[in-house]
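There are two complexes below, and they share chain A, which is joined by chain B in the first and by chain C in the second.
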Partner chain A sequence: MRWGWHLIRLWSLLVYGFMFLPVAVVVLLSFNASQFGSFPMTGFSFRWFVELWNNDAIMRAFRTSIVLGLLTAVISTTLGVLASLALVRYKVPGANAISTLLIAPILVPEVVLAVALLLFLNFLGLHKSFTLLLFGHVIFTLPFVILVVQARLVSIRRDVEEAAMSLGASPVQTFFQITLPLMLPAVLAGALFAFTISFDDITGTLFWKPGGVETVPTQIFAMLRNSISPEINALGTVMIVMTVGLPLIGAAIARQLARKSGT
Partner chain B sequence: MSTVILDKIVKRFGTFTAVHPTNLEIPEGTFLTLLGPSGCGKTTNLRMIAGLLDPTEGEIRIGGKSVNNVPIHKRNLGIVFQNYALFPHKSVADNVAFGLKYRNIPSSEIPGRVQKALDLVQLPDVGDRYPKALSGGQQQRIALARAIVIEPDVLLLDEPLSALDANLREDMRVELKRIQDQIGVTTVFVTHDQSEALAMSDQIVVMSAGRVEQVGTPEEVYNRPASEFVANFLGASNIIEGKCTGKDAETAALDVPVFGKVPVPADKAPHVSEGAAKLVLRAEKLLLMPQGADTTGMVTSEAVVETVDYQGQTVRYFIRAGDRQFQAINMIDGHPFAEGTTVTVGFRPIDCAGLPG
Partner chain C sequence: MSVEAREARQPWILLAPAISAVTLLLLVPLIFIVVYSFWLRTATGADQVGFYLDNWQEALTDRFYRDILFSTLRIAAITTVVCALMGYPAAYFIARSRGNKVILLLLLMLPFWISYIIRTMSWINILGVSGALNTLLMSVGIIGEPINMLYNETTVILGLVHFLLPFMVLNVFVSLDGIDTNLEDAANSLGATKWQSFIQVTLPLSLPGLAAGGLLCFVLGAGTYITPLVLGGPRDAMFANLVFEAIITQLNWPLGSALSLMLLVVLGALVMIYNRYLGMAQLMKGLG
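Moving on to the complex of A and B:
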């Protein structure tokens, strides 16, 4: 019995090691002073981060990713909140079917979704564009926002909103005074999800992006095809900090808000 | 403060009729209770008055004006919900002030009015706290303060005490009645608890399965039930089927098994006429006595005690007289009768009511 537990513990350590060691290696190597993006370490240096800063292509990709991520977050969150309200509060006919349809992009493999959207575009006779890329990211991130916001909305009691209306607040005033503040943690979490997923995405982006536009992931992908430059390690570190750090900060803010609102 | 009138109100959900045609007048300043078992349509009626549900048919008038097309936020009503429904993200003072912001009240006056409302519900010092820092009873008081601070035309309360524990519920009952007396607002109170209804109301509307069974003062619905349902819902009653052998201005002569002739006062048997009739005998009016006790003025029978349910100050007996079982609730005087004892049971005819058969 005891041995069994030890084996399981060892096994999970190995699994975690296998998952996180490459990440650790990337972070470690990004501070390597050597010419080559590999071991051995020859000293500690920020030089690859400086190079990154001076690399126009990468900085452009970075700006594209941030703009794309922010727009995706804003649009996805707005649509997600409206859809959740319609589904949870107004009991639109066929709510279940609509809900499934909106959540479906999570279940469909991303490649399939990417190709489908592209084919649809061809069918409409449109060309690839930044707008299409944005559209793809919104479709892809919307389910996450809806899932998070819906879960929260269900837990907000209807009678709290009814109380507000009985006191003289119109439905719109009730939304901004009561419903929105109460679901704010979920709205922020949804927006962060959307941003992070968009910032991270490569499969869909490779299919949808117009020529000449690169996001950070596709830029890394392109650079990898030539050589493994140490800059990539630095870029990897920046990506890790953003995609891990942002949700952590978001979660902390959400918890803070939730505590204040007493729910 | 206004009269509320329900004029031939009907509410259907799909094919299910939750409220059958209902007419009701709630005079200005009245404390009216909708009383009935769960699912009989009390909440549905209340929500139609509130504007949270549209009646399928009929008209609702508040203060003489039809409100069918007036949305809830323009009706100027105070609503208190079963689960308080305080705004969790606002302080107590902000909760109470909420309704004032939508009325033309100078903002300099708001803190004073909030404080007055908090004083009225006897929680003057909790303005800075958040709802979750208050007990259930305190939260319900704040909910009440929030509803009355806007000086509503009508106050609507849907089982506001049922989430509180028993002791607190009785305190709040007294408190609620005091506040209603003080501000004199027309009040519609919903409950399934008959003792709550009897203790607080000016008028009770007893409902069953979407229909009004009886409207009257607590004394009327208790002593002169208009139907078997009302007689059974407000306390325990023995309903004995028999016949009416004659009726004049004074009395209706009922003849029932076991007890024989019972001269019921005519005003307590208004709908009884000669022929089949039922005698309503309240369990607490049926007295158990030792055999041979003085029974002057009573209608009596011999009976055997079958079950004794001891409840402290009172005891509930199930007794058998002839081939029938009756229920009696008596104050305890010394020891309760033991099971198996033969006793004399009796009641005064003026304590009975008659129903048509």
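Moving on to the complex of A and C:
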């Protein structure tokens, strides 16, 4: 049976390779000095990152994506944290049905969600716009925030709050001085999750975005129509660093906070 | 107001914003497109309000739509099976490894955080005419001319597998990790070989995770239109591409509504069947 385990290990190694190889190639090619976004490698260069910096369309897309991601994170996390508090801290009649309702946006295929929202808000007079885009991102990220925050919230012990209250703190004081600091890692995790999902979304975004407005993914998608330019690889590398780096930094901060608050 | 009444009202105040958001931005819009699918597109101006069955007749009887629906389900099914074959052993390896499980799992989940569009287009760098594979094969001398490997159904499936594999691994891992290893030891001490104890003890106990991963892969795979646009040829459209075409390109919103609802019903039926037999809890474990 020893070799059976070795076989599994070899297989897993290949699976890891399959997952990482394409990403590694993007990073590799982004430093290629050649003027085509493909092999062979002709030399090491940062020129595509410089071109990226000087490309107005891409920088505009970046700004749009970041603003959209931040707004989505703030709104979605606020709604999600409040709902999670209710579901974890109170005995709500029909809690199961409510949970299912709140995660419904990820049970419905995103294309269908996109179409329904676009057509309905358009009927109400809200045409394709940044606002529509924001509504879409909020509703699509909300279930993820709720799932993440709820999972962390369960582990916060109630008796600390009860101790504060029994010592004379008002419910509001207790929330801001005890509950919120304890919840902070969960809140940050939820916000980070919402930001990342919003920043990465293309399926819904292509339906909701007004003409002329591009987010980073839709900008990449539009650029792909021609051919892979080396700039796309450079942009890919930046995105990889952002989407991988942000959660890692976030996790580190969360761990620090958790250590400080002593839970 | 009594303390109890206030206490009972509090959770509803906290829940109100989220529930209204989901109701107004998802439930009501879904009901709205049901109504919209019976309206009629006119050549000029606003869509004709009324009760017309034309869109549904077109969506349900046109062979073109049916063929694409079936090929979409086939592509999703193949993707799911490939994800299971690749992902199960990997999840087993992580769950049973003596190393740091969390790091191993995080490493495999890392691509999950990397932009979907970047990961999809990265295959062009590998399989394109001047991609890594062609360059390699030509430099070794196996081929003289670059071969065109891209823009067919296989590359669409490849892209989908690359996108969805982390979902499968995570769900199977959660399931495997929850199995008491004493059970396997007990089977072994009672004379079962390792293989027998895997087949008769571990595998059946991990099936809920496999099913959850499978459902996610299938539903997410069947609902995509970006992967076929980036990695598929002109004839590799999936059902969601038809929705996108109808809504964005042709601006035929009533027909697009009907097509979206068709997709929702087909994939929703799968989720219902899953929920009926396994419940949503397993799925949430993997997501949360």
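Methods note: the second predicted complex is superposed on the first by the 254 of 263 C-alpha atoms of A that agree within 3 Å, B and C clash if a C-alpha of one lies under 4 Å from a C-alpha of the other, contacts with A are read in each partner's own complex, and residues count from 1 in each chain.
Keep in mind that, in the parts below, a contact is a pair of C-beta atoms (placed from the backbone, for glycine too) under 8 Å apart; a residue touches a chain by one contact, two chains touch by 3 or more.
Here the structure is a predicted model, which is why all the values come from computation and not from measurement.
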Simultaneous placement of chain C and chain B on chain A, clash or fit: fit
Which of chain B and chain C A:181 touches, first, second, both or neither: first
Chain C, chain A and chain B - angle at the middle CA centre, rounded to the nearest 10 degrees: 100
Partner chain(s) touched by A:92 [first = chain B, second = chain C, both, neither]: second
Which of chain B and chain C A:170 touches, first, second, both or neither: first
Chain touching more of chain A, residue-wise (chain B, chain C): C
Partner chain in contact with A:160 - chain B first, chain C second, else both or neither: first
Partner chain(s) touched by A:250 [first = chain B, second = chain C, both, neither]: neither
First, second, both or neither for A:8, with chain B first and chain C second: second
Smallest distance from any CA atom of chain C to any CA atom of chain B, in Å, after fitting: 6
Those residues of chain A which chain B touches in one complex and chain C touches in the other: none
Of chain B, residues touching chain A in the complex: 50, 52, 71-79, 81-83, 85-89, 98-99, 101-103, 130-132, 143, 146-147, 150
Sites on chain A touched by chain C in the complex: 1, 4, 8-9, 11-12, 15-16, 18-23, 25-26, 29, 36-40, 78-80, 82-83, 85-87, 89-90, 92, 98, 100-113, 115-121, 123, 135-136, 138-139, 142, 144, 146-148, 150-151, 196, 199-200, 202-203, 206-207, 216-217, 220-221, 224, 228, 232-233, 235-236, 239-240, 243-244, 247
Parts of chain A lying in touch with chain B, wherever the complex brings them together: 157, 159-160, 162-171, 173-174, 177-178, 181-182, 260-263
Partner chain A, residues of chain C touching it in the complex: 10-12, 14-15, 17-19, 21-22, 25-30, 32-33, 36, 86-87, 89-90, 92-94, 107-108, 110-111, 113-119, 121-126, 128, 130-132, 134-135, 162, 165-166, 169, 193-195, 219, 222-226, 229-230, 240, 243-244, 247-248, 253, 256-257, 260-261, 263-264, 267-268, 271, 280, 284, 287-288
